[in-house]
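Paired with chain B in one complex and with chain C in the other, chain A is shared by the two complexes that follow.
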Partner chain A sequence: MITRTDRAPLIPPSRWVGYLLAFALIVAAPLVLGTPYWRGILVVCAMNVLLALSLNLVLGYTGQLNLGQSAFFAIGAYVSVILVRSHGWNFWLAMVAASAAAGMAGLLLAAFAVRLRGHYLGIASLGFAVITYQVLVNWEGVTEGVRGIYGIMPPPPIKLPGLPEISFGNSLALFWLVGGIAFAVYWMLDNLVRSPVGETLRALREDEVSAASLGINAARWKAFAFGLASTIAGLAGCFYPGFVGTLVPDAFNIVESFTMLAMVIVGGMGSMIGPVIGAVVLTFLPELLRSAGELRLMIYGIALTLVVLFMPGGILQLVQIVRARLSRRAGAGASR
Partner chain B sequence: MSTPLLAVESIELAYGDVPAVRDVSFKVDEGEIVTLVGSNGAGKSTTLRGVAGLMRPRRGRIVFQGRDITSLPAWERAIAGIALVPEGRRVFPFLTVRENLEMGGYKDRRDGARVGARIERMLDMFPRLRERAGQRAGTLSGGEQQMLALTRALMSEPRLLCLDEPSLGLAPLVVQEIFRGIRAINAAGTSVLLVEQNARYALETASRGYVLQTGGVIASGPCTELMHDARVRQAYLGRG
Partner chain C sequence: MNIRPPPRRVAVALAVAALALIGSTSHAEDKVIRVGVLMPISGPASYFGVQGKQGIELALEQVNAGAGPAGYKLQVQYEDSACSPLQATNTVKRVLEQFKPHIIIGEECSDASLAIAPILEQAKVPLLNAGSSAVKLTESGYKYVFRIFPTADQQGTLLGRNAYEKLGARTAVLLYEKTNAGVDNADTFEKVFTAAGGKVLARIDFGRDVNDFTPIATRIAGLGKVDVLPTFGLEGQTVRLAQALAQARVVRGGGGTAIQMGSIWLPWGFEQKAGPSSEGYIRVVQFDPTERRKMVTDFNAAFRAKFGAAETPTHINAHAYDSVLLVAEAVRRGATDSESLRDRFSKMQGVEVTTGRISFDAKGQTSDLSVIHFVETQKDLSWKGMAW
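Presenting the complex of A and B:
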């Protein structure tokens, strides 16, 4: 046996092991949680993972306080539904267009991020989400306003030659689809943040003055981060209406932005896996607390407050602390 | 004479409506160390911010290598060859020392081998940084952070290195090391524009100096002369 003498983390799981585990988890989760109810929660969870990943790119890696991420989720949802229903588009094509539309809206918000910092940007992005919500409520000719849109179909079945038709009418296939997309987006972002582009974004987060004096065009890279993040949020939005079957503005209340913020912070922002953990925990926690009745919101709120107070690095920080303790103990045991 | 590397012509810089620099002109020739000295609030740092492009002048012109850069944003000036070591060092605290240096080579990021070779040279210049290459910059001491800020700026191989208060908050021994580094950088061919509150260090390091007071230049000349100027001695070097 090899004795561990350095202080490297206990069993550093290589990236590939992590990817394989995540893939296995996505495949197995809906088979283990076999009821339609839990499979539905899994679909919501996959969408939340996408949203948390997208917000984390802007907030965790680029350091831009964005309190309006729900707007892009809404744009993805509404644009995809309207293109399919009123213009007869194919869903998959509409999905691409709706994600792009959300991305364009993100570029618009980025224009503010170039001039505003910190809390000011937070307020501007919050305003952006409020305006988007008001547009959904009041532009009745297009969005049906508060009446909402009903009878929305799930994504159309995929027919691949030689394989049975895959229908997304059930939560099992839909989860695998959205979960698979979340997996792919994670993989893409994981590579992005390790690349020089990721380093550039982190430099912007840590010191914009220094970044500028090294030749980094802050406006361009902020636009890149906002554009990509809102495209991903828009993509998540495309799957929401077909899953729920209805679309009302209230699903995109600005409170949703804060839920996404909570996922990123509770999980641990500025890391890749942290927001995923946050999204999973904050999706399942309310469901597990359902038996506590009205108390559950209180438990949820107290848990959030405790995390922010005592673990500003989120759940990921807790994991790292525990791991460091364990390895120190293992190291002490192995020392001569 | 040939055109100066940097010529600042009667610039006025203001924060909102409050002018901090009223009318400042100076030049830096190729290969020189030029210093701007003066007391707190004289406008030294503001002038430097103007040169680096962090503030736009309301009046006047800034010419770099014969090109008018008055309206260029900071990042384009960095690419043109003006590197700034900002006041308070401002390293990227959560990036490692090596990553900070990599960011310093941002404008040549497509040539990894060249950036890598430059990083090695920087780590040779300050061996203490080599020991800490894998450490987060935020965990370095103040002096080490200043060395990192200095080398990070050099990573872009600038023509003009602008230093804003490099001695700020550092122990005297460390300050000496930093200034030795600055002289070595200059000897290797980089022109330096130095803003420094510690006038003694500044005048001993630079070849020419400008004395700023309330947003204007009140004296200028070779540092050996400025050191004997009565006004300078009285105001900045202690009684004399």
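Presenting the complex of A and C:
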């Protein structure tokens, strides 16, 4: 008889160590980078991690080329702000509704996307982002169009029993909030991709026909991936307006989709940690290069090109190569 | 090898020298006004940053010559805010934290300026803006925002009135980029022009990614008699638009009858880029390098001496130059920190700069319309002042 103690633990101890380290990093980072500017960059970084994780689920695990992720980010941002400002909703409730709205939009795109593959899907999703952008620009009665929405407040303070009120007007608490959510999303996706659901998505990525022969309903699982990924992107979008204080359609043009794509590719798609690395590097690198003045963007561009040229598996590939070499060297040393 | 400790007398002398150095450093720091400059140095609007920097460098050389204004030196740090609200927000936080400026000059794009204004308001650091025309910037009740650029209301009102009264125009087609500033300009023109009795036949907007204006020009050619074409767009697009309108024989430059009108957005040199298509183009300029005012001729001469005899300064050069002159003027009037800079700006009336005279109203907007000049492009692509 197989008892519970005979089974391998769902989450191996090494992963718990990783989670604890990540959690500690989220707690410590804004204390180390203790100025409003760097804490602001951390908030942007946490949003980018959410976006990269969401795109990675569709692109890296399911193998669907989605070039329209900025649309879901925009839907989350606009729906949350409109619900709060025009309809008097509580921000937290609006956040849930806005994420759901983005998820529904993802399912809408999936309704068409499940029939398409590769470049065709890429173009269709790009078209979706363009349509969303045009709606934001032209539906002036609701979105204020190019005039934008200004004076947006950060999420309202929360009061937990036995604790002082937590205000998100400062970037320290805001980072802990967005970083904490990014951590929770990472944990959820990490478990998801190691579950049979993840196996199913990977099977679709590797060979859709073979997966179908195993009884996998490709359309349904692709729709699932699109829906979940767009919900997460919408969730990230809810925090953008309160952080910047303004909301204009240009913040969500299609270039943003390519930035998200770059985060996933540079970090290493198809893994959980790769997109996180990509988001961190692509958020911090341009800021760290500011001292290079006008050469900043040139260095940034060259760095990205070199990564894509020489490390097709992203920065994660480099980490793996270095780790393999070190362990080989250690093994050789031990056998001597 | 043994290193002998320095004799006590030498050590004392060194300590005294170090203390004196520290003292002189803190004294020097007291006599510096730090100016943060936020401009688009990357992206499609980067020409603002390039030209703005030229104007600032020239002004700095002049105001910092000798002891500087009231014994103060102006120290500048440039940052790329890329015309983007998010990047401008991050950049202004970085500048506030690392450079600790007494004042910020910038941004050019209205969206970015509107994003940084509340941050600077909270930090109590004045913002001196010389390139954003969105009305909201000085209508939101900010106490630390000052603008030397005429708003869309100020420009559009004069354009609409002069189109109707001076040009006798009765029909118009509005052409504008779909941005905060473009929409504001078009709306104001329409309001004034229709209130006077004119008729707007069509409003045609375009994104900043549009390159081919042939369909728009063809559509206008099919609208019947159009008297004026108020156009609000960045230089690159307006050049292509003017050429397409000429090709479609709509505007005077192409043998048509319609007059294209425009706002301050177009820098000096637009005509040379647009060529004969720009003949008859009437536009508002805030800086006229052909003006004979001493301030302007001196500026032209200094600009050519620094950047080359063939160079003619644009309004972007002039705006940046004027911004530094105004900061220096505030310092001459006793400003030593952010609060006193704000105070001196709020009291400035009739201060002469290259673009005209600057008088800030209670909202921080320059109210002196001497900064608005109308010019018409001639057949030889030169300017003729309209004396309106």
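Just so it is clear, the second predicted complex is superposed on the first by the 322 of 336 C-alpha atoms of A that agree within 3 Å, B and C clash if a C-alpha of one lies under 4 Å from a C-alpha of the other, contacts with A are read in each partner's own complex, and residues count from 1 in each chain.
Going forward, contacts are C-beta pairs under 8 Å (C-beta built on N, C-alpha and C of every residue); 3 or more make two chains touch, one makes a residue touch a chain.
From a predicted model like this one, the values you see are computed outputs, not experimental measurements.
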Under the stated touch criterion, name the partner, chain B or chain C, that contacts more residues in chain A. C
Once the structures are superposed on A, label A:169 by its partner contacts, choosing first (chain B), second (chain C), both or neither. neither
Of the partners chain B and chain C, which touch A:199 in the superposed model: first, second, both, neither? first
Could you tell me if A:118 is touching chain B, chain C, both of them or neither one (first, second, both, neither)? neither
With the two complexes superposed on chain A, say which partner A:137 touches: chain B (first), chain C (second), both, or neither. second
In the overlay, answer first, second, both or neither for which of chain B and chain C A:287 touches. second
Considering only touches as defined above, state whether A:212 meets chain B (first), chain C (second), both or neither. first
Footprint of chain B on chain A - complex, ascending: 196, 199-200, 202-203, 206-207, 209-218, 270
Can you list the residues on chain C that touch chain A in the complex? 41-42, 79-80, 84-86, 89-90, 93-94, 96-98, 111, 114-115, 118-119, 136, 140, 178-180, 182-183, 207
Chain B to chain A touching residues, read off their complex: 52-54, 73-76, 78-79, 83-84, 86, 90-95, 99, 102-104, 106-107, 109, 149, 152-153, 155-156
So in the complex, the part of chain A that touches chain C is made up of which residues? 35-37, 40-41, 44, 137, 145-148, 150-151, 240, 243-246, 248, 250-251, 287, 290, 294, 296-297
